[in-house]
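Each chain carries a letter (A, B, C and D) given by its place in the written order, and its residues are counted from 1.
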Amino acid sequence: MGESTAGGNRAAWREKLRVIIFEADTDAGKAFDVALLIAIVLSITAVMAESVAWYRVRYRPALDVIEWGFTIIFTIEYILRLVSVPRATTYARSFFGIVDLLAILPTYLSVLFPGSESLLVIRALRLLRIFRVFKLGRFLGEADILTSALRRSRQRITVFLGTVLILVTILGAVMYLIEGEENGFTSIPRAVYWAVITMTTVGYGDIVPRTMMGQTLAAFVMVIGYSILAVPTGIVTAEIVEAATSKASAITTRACPHCLTEGHLPQARFCKDCGSELEHYESEEM
Amino acid sequence: MGESTAGGNRAAWREKLRVIIFEADTDAGKAFDVALLIAIVLSITAVMAESVAWYRVRYRPALDVIEWGFTIIFTIEYILRLVSVPRATTYARSFFGIVDLLAILPTYLSVLFPGSESLLVIRALRLLRIFRVFKLGRFLGEADILTSALRRSRQRITVFLGTVLILVTILGAVMYLIEGEENGFTSIPRAVYWAVITMTTVGYGDIVPRTMMGQTLAAFVMVIGYSILAVPTGIVTAEIVEAATSKASAITTRACPHCLTEGHLPQARFCKDCGSELEHYESEEM
Amino acid sequence: MGESTAGGNRAAWREKLRVIIFEADTDAGKAFDVALLIAIVLSITAVMAESVAWYRVRYRPALDVIEWGFTIIFTIEYILRLVSVPRATTYARSFFGIVDLLAILPTYLSVLFPGSESLLVIRALRLLRIFRVFKLGRFLGEADILTSALRRSRQRITVFLGTVLILVTILGAVMYLIEGEENGFTSIPRAVYWAVITMTTVGYGDIVPRTMMGQTLAAFVMVIGYSILAVPTGIVTAEIVEAATSKASAITTRACPHCLTEGHLPQARFCKDCGSELEHYESEEM
Amino acid sequence: MGESTAGGNRAAWREKLRVIIFEADTDAGKAFDVALLIAIVLSITAVMAESVAWYRVRYRPALDVIEWGFTIIFTIEYILRLVSVPRATTYARSFFGIVDLLAILPTYLSVLFPGSESLLVIRALRLLRIFRVFKLGRFLGEADILTSALRRSRQRITVFLGTVLILVTILGAVMYLIEGEENGFTSIPRAVYWAVITMTTVGYGDIVPRTMMGQTLAAFVMVIGYSILAVPTGIVTAEIVEAATSKASAITTRACPHCLTEGHLPQARFCKDCGSELEHYESEEM
C-alpha cells in the first residue's frame, strides 16, 4: 500500500511535470514554453554567429560554451519529456519527438565529425511550437486549411512535378547538344540544372546559352515555364477556394432543437425544415 | 460676449482653413490639394536629382535651396493642419499626420546627420492623397477591397511566411555545409540569403552553388519555391473571389417599402418576401 | 445623270475594293489578307536581319531594297484603304489606321534620322489582323473575355501599381542610404531600378547589395515582392472566374416563344416561368 | 484445320505476350513493367554519366556497352510490342509507339552522326508509363483534369502568347534603338531575347540595359511582365476551379429508382423530386 501511494505520488509528480512541459495553459507551463522559445532563438543565433568568420575568430570559445550549454539544457529537457509523458515511445516517434532529438545530436556528433554543428539550425523546426504557446489556435486552424489544401492537391502536384522532371531532362539534353561544352553546358546533368533554373524563372545567369539557336530554345523554355507556373497556382487556388467556400456555406454544426436537423447556414435564424427558432450562431472568427 | 464672438470668429476662420486644407470639394480646397501634389512630386524629383552625381556636381546649391524651400513650405502646411483641425493630437497620430511629419524631419536632421536627406522620399507616401483629390472614391473602394482581402489573409500569410522562414534557415545551413566557404557560402546568414534569393525565384546569381551536390539541392529548392509561390497566390485569390462574389450577390441595402425586408439582389425588382415593387437599384459602379 | 452614274460606278468600284481590302469572306479578300500577312512577316524578318551585323555587312543593299519595296507596297495599301473606305477619317483615327500609318513612317523618317528603321517592327501589330483572316472569331471572343477582364480589373490594378510605385521609391532610397555609392547604388533612381528588379523577381544581378544590412533588407524586399505578386494574379483570376461563371450560367439569349421571358439556362428545356417548350440550345463552343 | 489450330495457337501465344507487355494486372505483366522502368532509369543514368567528362574519360567502354545493351533490349521489346499487338500500325502511330521508336533510334544514328546519343534521354518520356504500372489510375484521372483544363484554355493561351510575342518584338526593337550595340544589344533578335528574359522574370543578367532611359524602359517591361503573369494563371485557375466545381456539384449519375430523375447531389439521400430513397452514393475518391 505504501508502494502504491509512492507510485501514485510518482505519477502525480510526473503528471505535474508533463503539464508544465507539454501544456501551455498554466502559468508555469506558459513560462516554461516562453523560456524554451527564447532559448531556441538564442541558440540558433549563436550557431549562425559561429559560421560568420568575423565572430568565429573573436568569440569562438564563448560561442562554443553557449552551444554546449544550450545542448545540455535541451538534452535535459528531452529526457524530462521522455520521463514525464505516459508513453515515451509515442513521444519519441512523434514529429516533435524526432525534431527534439535531431536538435541536440549535431553537437555530440561534432566531436566525431567537426563542422556538423551547422545542422543545429534544425532547432528552427522547434519554433513551430510558437503557435501553441501563444494560444494561436486560430493560426493552427489556418495552417490546417493550408495543409489540407496542399494534401488534397498532392496527387495533381505529383503528376505536375513528374511531367516537369521529364520535360527538364529532355530540354537539358537538347540544350547540351545545341550549345556544347564550350559554352558552359559541360554535361547533361548541368544542362538539366540550367533547364530547372530557367523554367522556374530563377535565372542565376551562371550558365547561359550563347548560340542563336540556343537562345531561341531558351526563350521557348522561358515562355513554357512562365505558362506552366500557372498550373500549381491554379491547383492550389482551386483547393483553397473550394475549402473556403465549403467552410463558408456549411460551417455551423447547430442542430435544430425541435427536429434535430443539422447543416443550417451561419446566418439562419429558423430551422430550414420545421421552422423552430435556432440558437444564435456566434462566429469563431474575428 | 465679445470674447465668445472672437472665439466664434476664430473658429470660423479655422473651419474655413480646415475646409481648404483637408477637403477637396470646394474650388479653393481642390486648388490647394493640386498645388500640394505638384509640390510633392517636384520635391521628390529634386531629392532624386541630388542623389545623381552628375546633377549634384553641377546644381548642388540650387537643389539645396529647392529642398529647404519645399521643407519650409511643408512645415508651414503641417503647422496649419495642426492649427485648423479640431483635435490636433488626433491628426498628429493619424497615418497621414505621421507621414506629414516624417516628410519634413529629414531636412532638419540633415544638419546634424549629413546624408539623411535621401529619406525625404518618404514624401512619396503623401501622394496617396491623390485618390482623394480627384474624387477617385471608386479607387479608394477598390483599395478597400484589396486591403480587406489582404487583412483577412493575414493569418494564413503569417503562417505561410513563418514556415518559409524556418525552411530557408534550414536549407541555408545545409547548403553552407555542402558548398562551404570556398564557393561563396561564407556563413549561414549568407547561405540563408541565398536560399531566399533562390526560393523567391529572384536569382541574382551573385552566390551560386558550384558542387554537383549543391546544384542538385538548389534545383530542389527552386522547384519547392516555384510550387510554394502558389500558396500566397491561392490565399489572396480565394479572398478576392470570395469578396467579389459576396459583393455581387448581396450588395444592395434596399429595404422593401412594404415589409422592410433587406438583402435583395441587385437585379431584383420585386420584394422576395411580399412581392411589393422595390425602388430601382442604381449600381455605383460604371 | 451621266455624272450620277459615274458616281455610282465609282462608288461600286470603291465598294468592291473595300470588300477585298477590309473583308475576308470572299476569295479575293482572303487572298489579299493572306498575301498581306506574308508580306508583314517578311518585312519584319528583313528589319531584324538588317540589325544583325553579320547580315548587314553582307546583304545591306538587298535588305534596303526589300525595306523600301515593302514600304512602298504598304504605302499604296494605306492609300487604297483611305480611298475605299466610306469615311477616310474614321479609318485613319482607328487603332488599325494609326498602326498602318506608323508601319510605313519609319522608312521615310530614316532618310532624315538614320537608325529609325528599327521602328518598322511596329508592323508586328498589324499581325493582329491574323485572327480575322482565318475566321478565328472564336479567338477574338477569347480575346474579348481577356480584354474585358483586364478592363474591369483596371482600377484595382491602378491602385496596386500606384502603391508598388510608392513602395519601390521608398525602398530604393533606404537602400541607397544603406549600401551607398561604393556598392553600385550610385543614385536613388538607380536604387529604385534595383528595387523594381528585385520586387518583380527578375533579379538580373547587375546591382546587388553587399553589406549585411543591405542583404537583410533585400531578403525582406524579395519576400514582399513574392507575396505582392499574388495581388494582380488574384485580381485577374477573380475577374476571369466571374466572367466564366456568369457566361456559364446566363449565356443563352433564347426567349420563351410563349411568354417572351429571357435568361434561361443553357441546359433548360422548358421555360422557367410558363413551362412552354424552348427551342434546343446549341452551344457555340466546340 | 491443323493450320487453323496452329493459327489459334499462334494467336493465343501472341495474346499471352500482349498481356505481359501491355497490361500490368497479372504478376508477369507487372514484373515486366517494373523491370522495364528500372531499365529505362538505368539507361538514362548511363547517358547522363557519359556526358560528364570525368566519367567519360574513365568508363567510356563500359558506358558504350551499357548503351548498346539497353538499346538492343529496347529494340527487341519494340519488335515484341509490334508483333503481339493486334494492329501493329495502330501501336506504331500511337504516342507511346512513337516514343518507343525514338528511344532506340539515336544509338543507331550515332554510328552516322556521333554525339546524337544524348537524344537517348527521350527515353524519359517512356517513364510516363509509371502511372499505369502502379495502378495509379487516380493519378491519370488527375492528369486528365489538368490536361483538359489546359486544352480548354488553349485558345485563350494562344491569344495571350500571340500578344506577348508581338509585345516582346516591339519592346526589343525599341530597346535596340535606345541601348545600341555598344551596350550588348547587338541586334533586334538579341534585344527580343532580352525582352523575353525580362518579361518572364527569368533575368539572367547576361544582357542588361546601361543607359538611364534603357533602365527606365526595362523597369516598365518588368512591371508589365509581372502583371501579365497574372493572365495565364488566371486562365488556368478559372478552368480548374470550374472543373472542380462542376465535378463537385454534379458528379453523381444515380437515377431515382422511382421517378428516374438524375442529377442528385453526392450527399443527397432522398430523391429531390419524389422523395424516394436513393441508393447510397460511394465516393470514388479517397
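Observations on the structure shown:
The rule is simple: a contact is a pair of C-beta atoms (placed from the backbone, for glycine too) under 8 Å apart; a residue touches a chain by one contact, two chains touch by 3 or more.
Quantities reported herein were computed from a predicted structural model and do not represent experimental measurements.
Between chain A and chain B, two chains of identical sequence, the interface residue sets overlap only in part, with shared numbers making up under half of the total. Copies chain A and chain D of the same sequence differ in orientation by 90 degrees, per CA superposition (steps of 5). Ranked by distance of CA centroids from chain A, the top chain is C. Rounded to whole angstrom, the centroid-to-centroid distance between chain C and chain D, based on C-alpha atoms, equals 30 Å. The centroid of the Cα atoms in chain B and the matching centroid in chain D are 42 Å apart. Touching two or more other chains at once are residues 189, 192, 201-205, 229, 233, 235, 237, 239, 241 of chain A. Taken together, the touching pairs cover every possible pairing of the chains. Chain contact summary for the complex, chain A toward chain C: residues 201-205, 233, 237. Residues of chain A touching chain B in their complex: 44, 47-48, 51-53, 115-116, 118-122, 124-125, 127-128, 130-131, 138-139, 142-143, 145-146, 149-150, 157, 161, 164, 189-190, 192-193, 196-197, 200-206, 229, 232-233, 235-237, 239-241, 244-245, 248.
Residues 155-156, 158-160, 162-163, 166, 169-170, 172-174, 176-177, 181, 186-189, 192, 198, 201-205, 208, 212, 215-216, 218-219, 222-223, 225-227, 229-231, 233-235, 237-239, 241-242 of chain C are the ones touching chain B in the complex.
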